[in-house]
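Each of the next two complexes has subunit A plus one other chain: subunit B in the first, subunit C in the second.
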Partner chain A sequence: MSTHEETPEEHLPSEQREHGAEAVKRPENPFADPGLPPHEHRVQDIDEAAAKRSERAVAFLFALSMVATVGFIAAYVSVPQDKSIYVWPLGHISAMNFSLGMTLGIALFCIGAGAVHWARTLMSDVEIPDDRHEIGASPEVTAKVKADWVQGAKESGLGRRKLIRNTMLGALTLVPLSGVVLLRDLGPLPGTSLRHTAWKKGKLLVNMNTNEPLRPSDVVVGSLTFAKPEGLEEHDHDFQKEIAKAALMIVRLQPENIKDKRELDWSHEGIVAYSKICTHVGCPISLYEQQTHHALCPCHQSTFDLADGARVIFGPAGHALPQLRIGVNDEGYLEALGDFAEPVGPAFWERG
Partner chain B sequence: MKKLSARRRHPLAAVVVLLLALAATGGLYAAFAPADKAKAEESAQSLTIEEGKKLYSVGCASCHGTGGQGTTDGPSLVGVGAAAVDFQVGTGRMPAQQPGAQVPKKKNIYSQAEIDQLAAYVSSLGAGPAVPTKKQYDPSGADIGKGGELFRTNCAQCHNFTGKGGALTHGKYAPDLNGVSPKHLYEAMQTGPQNMPSFPDSTMPEKNKKDIIAYVNAVNGDDTEHPGGLELGGLGPVSEGLFGWVFGLGTLIAVAVWIAARTAKAKKS
Partner chain C sequence: MSIDTTEKPEPSGGKSRGKASGGERFADWTDGRLGIYSLARANMRKIFPDHWSFMLGEIVLYSFVIIILTGVYLTLFFHPSMNEVEYTGSYVPMQGQLMSEAFNSTMHISFDVRGGLLIRQIHHWAALVFLAGMFVHMMRVFFTGAFRKPREVNWLFGWLLFILGMFTGFTGYSLPDDLLSGTGVRFMEGAILAVPVVGTYLSFFLFGGEFPGGDFVARFYSVHILLLPGIMLGLLAAHLFLVFYHKHTQWAGPGRTNKNVVGMPFLPVYTAKAGGFFFLVFGVISVVAAIATINPIWAIGPYRPDQVSTGAQPDWYMGFSEGLIRVMPGWEVNFWGHTLVLGVLIPLLIFPLVLVSIGVYPFIEAWITGDKREHHILDRPRNAPTRTGLGVAWITLYMVLLVGGGNDLFATHLHLSINAITWFVRVGFFAAPVIAFLVTKRICLGLQRRDRDKVLHGRESGIIKRLPHGEFIEVHEPLAQEALHKLTAHEQYEPAAIAPPTDDNGVAKKLTRGEKLRAKLSRGYYAEGNQIPKPTVQEYEEITSGHGHH
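Up next is the complex of A and B:
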């Protein structure tokens, strides 16, 4: 024996070195299949009366389902739509909703419960082992498939009739283009529309409640008013699109409470007009606390100080709320002195 | 006594004195707290500013100042008007029990006659909105649909779309509107109590307020119908989704486990 062969011998367990390999008793297969436990019978397998009871129970559930379905149809036909009933613990509930839901629920539940009970008590529950078969197909089948493929390719004439082959490839290549073209619907690009709103110089501030233009005297300290630009009506086809950018909240502060110089310059006698659209993700933000002058966004709790240029004092918003510069026209109505100076709403890639 | 004075320079003496002083102040406050003890005797006298002033001196002056000018503990009442007094005292918010983020609604301890006297006194300090008449706030015949629109525009951001209320910043909140009388709803819109902004007649005319009251009564009253049943607080998809996931799916899982766990064998193992 060479040293090379002796060295590993040193590391073997001692009994193996002493008694040799045949001394170790191993079972033939340590992971042998223990087999199925002996089959146990159910009551229904032994007792015919119990089986009959189960059969009746299953039949009862199916029959109940039929009755419930008939009840559903009857409820649909007969229960008045506007009738309300009191059902504990649901409270005052529409009689039709309740009867339709209950009957359909019972009909479906009974089919399921009957099937489960049937399978558990009456269908055979003898355990059967089923060995896995080989994954690969037999050589004969493989050869047959190969031969069929070759014959099919020959019969189709794909190799011989080049015109057909090429036009088919062309057609298959072009078909997905219709899907690609539809991606155009993702556009067109917004262009500069995110930077402009319906406000412009001279547009009156129209009260959302009354649809009348506002006068400075209408807006008192501590009040909250929502306004839209003059000329934008609710039945306009683009009303939602425009108001989503132009929505305005108007509050009046004591001018001495306004801390921001620009805010004061852009206000009128303490009346300030701010965009109602949160600069975080564009929720309508108008949870205005009149004593603290804070406006809170209900979505992510961004808080803006309306007495200090609407700067962000809490939350994820990245910009102060844009302020609309307002004044009073010759007839004494509040008017915008231009569009918002910066884009309203959430930031976007090109906002800068 | 001698023993006591001998220990007056003890390091803990100051602490003991401070504790005693605090206990005395707290005890006195509890004994004379306005919410408990301000209940004045039933007054059969006619509504007068003088009577109101007396009530004011007992229940309100400690925070709002002897002449309603306001102190560091309470705002000036000059110009808030009778409607504000009727709302604040009528809903039990005032007199406040303690300072805090927001004064909560509690049991009102004044009679309507006393509230009227207080209101008369406060409105004599400076003109403000008057208590609305029944003709102004009675919602019968108002347009509930229009009220819904107005409510969603002006109120829903804080009070939830059916008036269930919601949280604001730093412990403040918009209260649930269920059970608030039409008069108090009207006065709240008119005067803007605490941190709520006001919605004066100049921007929200009387008719709009009536429509809003009619809407709130229709969707958030004690006998509001919920055709779907089990409104789950009326808070919208969060509570409904949670209920569906926890109880709906939970029931299905429990039933599936029960079916598989229960043996059908004759001999139970």
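Up next is the complex of A and C:
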């Protein structure tokens, strides 16, 4: 230990022991376990007055809990449910929730605090050692169990009568199949349902907010309009299922800004319609940045360039948003010229 | 053969004061049928050691009880149905809106059942405490090596509880059918669709057809209130039984050995402390539920697959899977009319891998050390630098992914570019655990050196002394034997010496690949430089006994 060689002897523990009065006899092994230290008494152990004070503190906490429970019941019957109160720093909050929660919390907490204080100050705090025993069985027990097992196995004849063993294993293997088969009717088979939406040739684009069919003039540059196919109403039984695929996002771009040839072909006067359902895991895309024509999914931040075939420019989405081919009917309303050419929403194995 | 109709003599027969009390007679009656005295003999005065960190598991246990109590109450009012109804309850801004019965009944609980909102919030807060508690408790067990023999199986039980807890939380979170949780379910559907070959089928079976369908709330409900809690209750009982059966681990210290357990008895100290602690946890969670809103579904609104709010986040315990899915590049491979959605599938596979890696750790460490003995004395984290480093690396990975899961919130709150955060997480996913491992290991080794110095040279007393020749030095006080014992009580492994075994003719056999790997890992754990040798008695004697030997 070269670094310690210069240390003056005075500062070494042995030297200090001599200077100090503690001339303890050096144990055989200085690292040996000295055994449990003697118990140190608490003030409550030696002073009955202190113990009494602890007792009163515990009793006070229990009594406070009782008061809080009464308060809970009082709040339950007397506080109006729609009342809100101002509590600093929380602001305006429900009076009922606050009063019930606080009284219940105090009632419970005080029981706990009383019990813990009781245990810590008045119950014995003498540490007691207890022996551990090996978890594994003794060799005799192990031998006996193994012998019993062999005996049992032999008496069953399982090893000898192979026919029984094999048919039993077969039966036990097959029987859970019934349970698996029973799960079949959890749902229909996918078929091609993920490939089709409620859009069809001639279906009008209906504004989601106003429930009116859209005209090209309703869609101005820079705005983001959400649309659904005509005939799909909120009260419909399958509205949720259909809108989960058919939800549409409409923006108007300057036709010269559209970089993608097909996008331009499928648009009408710069109005383009894209599926609103993100191709990553299916969140509805709802943020549009008009300067850059970027649409952003707020769930996982996949970003699509609506001026360039809605290709992915950032984030975890794997492919562009499907575009809906649109035109204008005789009455001047925007209409679909067919269903989406590819499945909308998240990719799946059969998508191809 | 005569039939003995007399009862056994009462154990309290020694008392001369006459009849036993009613309670005692009832206990005797019960013992005659259930044998409770034999059970109580081993457990009533069971000794439990005391340390603040042993309380973490208790928090988990109590929050589980709170969740069950409040959950049962909620089932009395909740309607697990997706039928569309028009809201007519007392929350004015939402009147007339279409929503599922599930959402409607959750609104009813929140606004029209007195105390319903409180119980809902206690339930949700307790669930968060439950999962956070399990996480921290698991880390306590990991870093102190409490998972070693004989407790590996109990580690697995606890680990399963953590995973099941995540899914129970997720299914419960989805039940109100609100916009936020519905978005989470949509995410799950998208992830299931990414499973090769069977993904669409799984999704159709789970949702009873196309998303969202009309079934998933009812199905999640039975999973959330029956299936998963039932399994968890069984695992929890087994977990607690094993804690009693193995007897609790303890820290090294004077009088504490691997063969004993030192502490206070279950009755009365821990009955009061643990029982009281239940009320403390329940009380604190009630107060939190009184003052802190959680999952305000009235502000979020009912689920619509074409709507979403910004800042959509899962509850924290699902955050790391969210991070995986957010930072993964959107790889898709198309071939022969099929799509392999790697951008979702890879996160979906890493998610269980992250969890499995911590779950199997005890078995890996046991294989490396080859130690077959029981361990009841806890390791100080510094005394197992490689394990501690690995644990911190795992937490770091988890936390980096958690940052990824909240990348939008980090971006808006810290005014950072979301692209920058995403790239930070992508790089950090690989680099941060390595850095964390190296730094942690260095810190552990430094702490080991300090312990060594303390043992050999004593404690810094803070007393400055001037020597006759003018030099100032600090006086070091020798440690008491208790402290010396505590600092040197840990065992240190040698790297497994795996020499090529020789056969009968003395020809060396080739080592298997597994043996080579084990030797390498063992060196990584225990070779020189990967742990600081603890001071020996001889070293101590040399330094402390000398008069002029230096």
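Criterion: the second predicted complex is superposed on the first by the 264 of 352 C-alpha atoms of A that agree within 3 Å, B and C clash if a C-alpha of one lies under 4 Å from a C-alpha of the other, contacts with A are read in each partner's own complex, and residues count from 1 in each chain.
The criterion applied here is as follows: contacts are C-beta pairs under 8 Å (C-beta built on N, C-alpha and C of every residue); 3 or more make two chains touch, one makes a residue touch a chain.
All figures in this text were calculated on a predicted structure; none of them were measured in a lab.
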item	value
Subunit B versus subunit C as contact partner of A:206, first or second or both or neither	neither
Subunit B versus subunit C as contact partner of A:314, first or second or both or neither	both
Partner chain(s) touched by A:226 [first = subunit B, second = subunit C, both, neither]	both
Touched partner set for A:84, first subunit B, second subunit C, both or neither	first
Which superposed partner A:292 touches (first subunit B, second subunit C, both, neither)	first
Contacts of A:93 with subunit B and subunit C, given as first, second, both or neither	both
Subunit B versus subunit C as contact partner of A:127, first or second or both or neither	second
Superposed model, subunit A: greater residue contact from subunit B or subunit C	C
Partner chain(s) touched by A:76 [first = subunit B, second = subunit C, both, neither]	second
Partner chain in contact with A:135 - subunit B first, subunit C second, else both or neither	second
Shared subunit A contacts, counted only where both subunit B and subunit C touch the same residue	87, 90, 93-94, 97-98, 116, 120, 125, 208, 226, 284, 286-287, 298, 301, 314
Subunit B-touching residues of subunit A, taken from the complex the two chains share	40-46, 84, 87, 89-94, 97-98, 116, 120-121, 125, 207-210, 214, 217-220, 222-226, 251, 284-292, 294, 296, 298, 301, 303, 314
Subunit A to subunit C touching residues, read off their complex	1, 4-5, 7-14, 16-17, 26-27, 29-37, 76, 81-82, 87, 90, 93-94, 96-102, 104-116, 118-120, 123-132, 134-136, 183, 186-190, 193-194, 208, 226, 228, 234-235, 239-241, 243-245, 247, 276-277, 280-284, 286-287, 298-302, 312, 314-319, 345-352
Subunit A partner contacts - residues on subunit B that touch it in the complex	150, 153-154, 157-158, 166, 168-169, 172, 174, 192, 194-200, 202-205, 208, 223-231, 259, 264-267
